[in-house]
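Next up: some structures, all given as structure tokens.
Both of the next two complexes hold chain A, though its partner changes from chain B to chain C.
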Partner chain A sequence: MRARAVPWLFLLPALLLFAVFKYLPMAEGIRLSLFQVRPFLGDIFVGLDNYTRLVTDERFQDAIGRTVLLAAGQTFGSMIIGFGLALLLEGHARSLWFVRSAVFLPVVAATAVIGEIWRLLYYPAPEGFLNTALDFFGLGPWTFLDHPDTALWSVMAVGVWKGAPYDMVLILAGLAGIDRQQYEAAAIDGTSTWQRVRYVTLPALRPVVTILLTLAAIRGMRVFTEVYVLTGGGPAGSTDVWMTRVFTTAFERNEIGIASAGSVLLFLLTFVMTVIVQVYRRAKEKV
Partner chain B sequence: MKKFAALTAAGLVLAACGSGPSGAAQVQQDPSAPFEVWTRSTEATAEVYTELFADFERKTGVKVDYKPVFNDFDKQIQQRAATKDLPDVVITDTGSLGVFTQQGLVGELDRGSVAGNADIVDRAWNNAKAADGKYYAVPFSTQAMVTLIRKDWRERLGKPVPRTWAELADLASAFTTDDPDGNGQADTYGMLVPGTTDRGYLAWWASNYLWQGGGDILEQDGDKFSVAVDSDRTVESVQWLRGLFCDSKVVVPGALTLGTNDAHPFFESGKAGVYLTGPYMFGRFDKSLGKDKYEVVAAPRGPAGATVLGEGENIYLMAGSPRVADQTKLAEFLIGADAQQAGMKGDPQPVVRLPVNKNVDVEKVYDDPRWTAVADAYQDDARPFPNVPNFQPFRQQTSETLNSIFATCGTDVKGELGELAESLEQELRSQGVAR
Partner chain C sequence: MSVSGRSDTALGWSNDRSAWFSKAVRVLLCVSAVLVFCGPLLTIFSGAFDDNPDPTKLSVVPDNPSLANFAAAGRNHIWDYLLNSLVIAGGALLLQLAVSVFAAYALARKKFRGQAVVLLAVLTTMMLPEEVIAIPLSLVIGDLPVLHVSLRGTLLGVILPLGAWGFSIFVMTEFMKDIPVEIEEAATVDGAGELRIFARIILPLCKPALGVVAVFGFTMIWEQYLLPLIVADDPSDYTLTVALLSLRSDDQVGPGIVLAGALLALVPSLLVYLGLQKSFLRGITTGAIKG
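Right, the complex of A and B next:
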């Protein structure tokens, strides 16, 4: 009996922390999603009404569409650029180490700070920083965050800028694990550089890419800070995503119940996505 | 696993326990509980409030646990409301009255029981009156919006002080194209607009022009309302406004995602020359820009007049407080003539703009013709938002539609406002005040 209790005893501090800061708030969130929440007048039970109102709300549907687009763009953009960076910066030279650290900086910088800096860079007048640079090439001025047609793409670019170095580091680790002899053997067989990337590097990176895709897709669906700091969902709602919609619903429209339903749905979606990827990976590993 | 399930179940039960209805009456009074006061402030006004509350403590012995809130005031209130632990007193816009009463965050107040209530002008009391005709707050300050203009720019270009919309548009376009600061670069703009949809700011700004053009968001008829946001006059006004954004392009770039705090620097740093805003910015602009560089004028007249928004701040005595007696005591102190004057003299920014206490003389205290202009505008041309149970959703939706119209430029204004009208009509019905 005692032997069985000991591991739980060691786990207790962590479980308690998780319970207080994760599981209880999550349970409370699920509970709130079934109520019209009025803290000082008494909550009213509405069943699944909040969910119905949410999924039939046109603005929310639009927000989901944009979230998927943004997540896909950021995920693949980060991965392609991260892969390119990794190929360029792989190696042991001291200069490469320095450049890698410099390239990694956006990942560790606070998102709110990044947002404010990019707002300045993106300043949509001709005298804005990026527009001055564009003017040098005879382009611009571009509207960036200021116009519904360009705002989402501008947000996406910031996401890629921030996400690519992170992908780069994981891909670098993957690259280091590839046996050099495979490249040499391929070279002896007379392959071109592109063929070596296509038939040696990419297949060897498959596990890394799977993990990156899962993480990035989940992160992409939950995107909030970048969008909130850069545009607050505007202009004309053109960058309104899942979480900014939930945030506005909760704290500007004061519909805590509907907002909770939105969060629960997002949780379920990311949960399902994770499970699918896990099952897929296990099946692959068994083969 | 069983233990884990038990733990989760216990958590659910715990969470469920804290959800019964509660009212102010049931709250145990506790004089040793901290007396929390929040104000929606900037750092400058927070200093003035700190002084005021120190004076209150000297006079009454009640210690105030003061927290100025610089950002996201409403969101922080909602977060505290969700935990059912509100601050005891908050001082914020009269516009919050609807949300607070609808959510039960403030209780009904007997106007007659507030000492000194007779010294408060009736018009200010109206700011604390909800749609049901009852009072839920104590008025603290009132104001009217005024137009600030870069005087030095205007004089350099030889333009008159604008008296009409046409002159205003002409001045704004001259500020944009004629290099009013003489630096040889096209880096200035006519109009500064805090056009974000956050808190519905854009509707706050635009409603002045809608009224001046004879339009409106809602129209009152007795105690019922109808939607006016798709009327011909409103459509014309919105089209005129859209011209400023899309045709003459006199509005600062990025305006449609700009909040007020981010907007002020555009005026201070010589980027924009016309700014419709509240009078509370004089102190700051006097220091950053210079008193001689800008002038304060009443709104240029539109086709239907020079109406501007006149609102203010209320003192809200929040529900669930363990210090009910001190809530009233603080409110009574703040509406007294001494505190009102001290609030007006706050440096660099006053926290009381126009006093609510009729024994305080604006001209004498400020000794500044610009404030006299504000007082006149309030007297002659100011009006508040309509007294529906909760105006916030109307303001929010209107700002979102206007934001979209000004951002896309090419859409059918009448059609978009028609769609907005439908959803406002629905909101009127759900608030039970549709005609």
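Right, the complex of A and C next:
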């Protein structure tokens, strides 16, 4: 009797915290998404009304579109630049190790800190930091976060800047796993560097790249902090994404039911994406 | 043997003296990479220490070094925010580590009915994005089940939801599975009790995994934004990272002060990363491939 209780005693803290702070809110979120929430007056059951109101809301549709664009841009941008960095910084020399450590720093810094620094770098006047740099190349001044046409791209650039070094580390791990004899064989065959990268390196990296792309795409759908600190969804709603929309709906317009419906939809989407990826990976491993 | 040397890397970087041109290109690219990825962070340092009347002109070196920004930031309660952040980071990290090693011990070293279900429940929380449950979580924190206590506006309201983290339970479990059973069996024969085996034998063997879990736990907690924001009742409850935004929106507060705050929020991350870099990189590769 006592021995049987032992594992459960060890699990108790974790299960208790998960139940209260993960599963209960999840269930509560699903419940609230079916109600018109009225504090102190009593909630009214509205069925799927919140969902229909949400998906027919133009601002929400636009937000979804921007979320997808932002997620795709950050995912592919980080991947391409991360790949370039990995190729550049591959090797055992101590100096390369130093450069790699330095380049990795944006990953470690908190998003809120990064948001503040980029807001200042992006200062839209000609004397701003980045505009001064652009002026050196005969470009600019650009408006960056200050104009609806450029704000989303500027947010995306920050995401790529923070994401690329992370991808670099994983691609470096992938590069280290490539059999050196393949390179030697390629060299004997007289291939060019480009052919070597194209026909030896890239195919060998495919598993790492697939994982990175899918994880980043899923994470990208729930982007919040970056957008919230950089633009707060503005100017003129031009960077409003799924989660900032949900946040505004819940905490500024107090429409908890509709906001919950938005959260549940986002959860379903990321959940389905995760399951598809997992099933696909299992199937691949078995082959 | 220049052929084998050139086969060390995908691009075939060479150490030959004759390849001075490609070497020069590489050095140039490395310098630009460091500038692009570290430059923005360096401007935090110079900006925070710069008593600059025109704050839009950030530079990499302070024009007029001073500590005025920190003094002014202190008048804007920056140290209180930092204290909030540090208490939350310390408390949540300790709780997270304890919860993870306990749960992992049961999952990795015991066989019991319902084990698969528990494992699934833990893994499912990893697919449950924090952002998605933020709204109902804020309601739960305002009125805890059974106890009917509100944690709103308390540091505990931020600490407790961070206490159990699927990733760290998962990493600890995987690690503990690899400890040979014989070690435990020998101790059982010697008459050691359950807690003794756990504390004296299993735990000391888990040090490498504890490093990984601690470094990721810290980064995850320090990165928290939405949670402290929704738990806060009043700006004085803010963590340093959340406070940065309200400092910036305050007209009385210049960028120098915001940068001083940003620097204080950056330094702990840098220290943890530089101190435990190996654990960090190991965690990224295992975490991404298994998660």
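Please note the rule applied: the second predicted complex is superposed on the first by the 274 of 287 C-alpha atoms of A that agree within 3 Å, B and C clash if a C-alpha of one lies under 4 Å from a C-alpha of the other, contacts with A are read in each partner's own complex, and residues count from 1 in each chain.
The rule is short, and it goes like this: a contact is a pair of C-beta atoms (placed from the backbone, for glycine too) under 8 Å apart; a residue touches a chain by one contact, two chains touch by 3 or more.
Remember, it's a predicted structure, so these values are computed and weren't measured experimentally.
Applying the stated contact rule after C-alpha superposition, one finds that A:W8 touches each of chain B and chain C. In the superposition on chain A, contact of A:L24 is made with both chain B and chain C. Once the two complexes are laid over each other on the shared chain, residue contacts for A:R253 go to chain B alone; chain C is not touched. When the shared chain is aligned, no partner comes close enough to touch A:A283: not chain B, not chain C. Set side by side, chain B and chain C differ in how many residues of chain A they touch, and the one touching more is C. Shared-chain residue A:H147: touches chain B; no touch with chain C.
Contacts of A:L266 after superposition: chain C is touched, whereas chain B is not reached.
Once chain A of one complex is fitted onto chain A of the other, the partner contacts of A:E127 extend to both chain B and chain C.
The intersection of chain A residues touching chain B with those touching chain C, taken from the two complexes, comprises 8, 15, 23-24, 28, 123, 125, 127-128, 250-251, 256.
Those residues of chain A whose C-beta lies close enough to touch chain B in the complex are 8, 15, 19, 23-24, 27-28, 31, 37-43, 123-128, 145-148, 231-238, 250-254, 256.
Note for the complex: chain B touches chain A at residues 3-4, 7-8, 11-12, 14-16, 19-23, 72, 74-75, 78-79, 81-84, 99, 103-105, 185-187, 196-199, 253-254, 256-257, 259, 319-320, 392-393, 396, 400, 403-404, 407-408.
Interface residues of chain C, counted against chain A in their complex, comprise 3-4, 6-13, 26, 29-30, 33-34, 36-38, 40-41, 43-44, 47, 54-59, 98-100, 102-103, 105-107, 110, 112, 115, 118, 121-122, 125, 127-129, 131-137, 139-140, 144-145, 160-161, 163-164, 169, 194, 198, 219, 222-223, 225-226, 230, 241-242, 244-245, 248, 255, 258-259, 261-262, 265-266, 269-270, 272-274, 277, 280-281, 284-285, 288-289, 291.
Against chain C, the residues of chain A that register as touching in their complex are 4, 6-8, 10-15, 17-18, 20-26, 28-29, 32, 85, 87-92, 95-96, 99, 101-106, 108-121, 123, 125, 127-129, 132, 161, 164-166, 169-170, 173, 175, 178, 180, 183-184, 187-188, 193, 196-197, 200-201, 211-212, 215, 222, 224-225, 228-229, 243, 246-247, 250-251, 256, 259-260, 263-264, 266-267, 270-271, 274.
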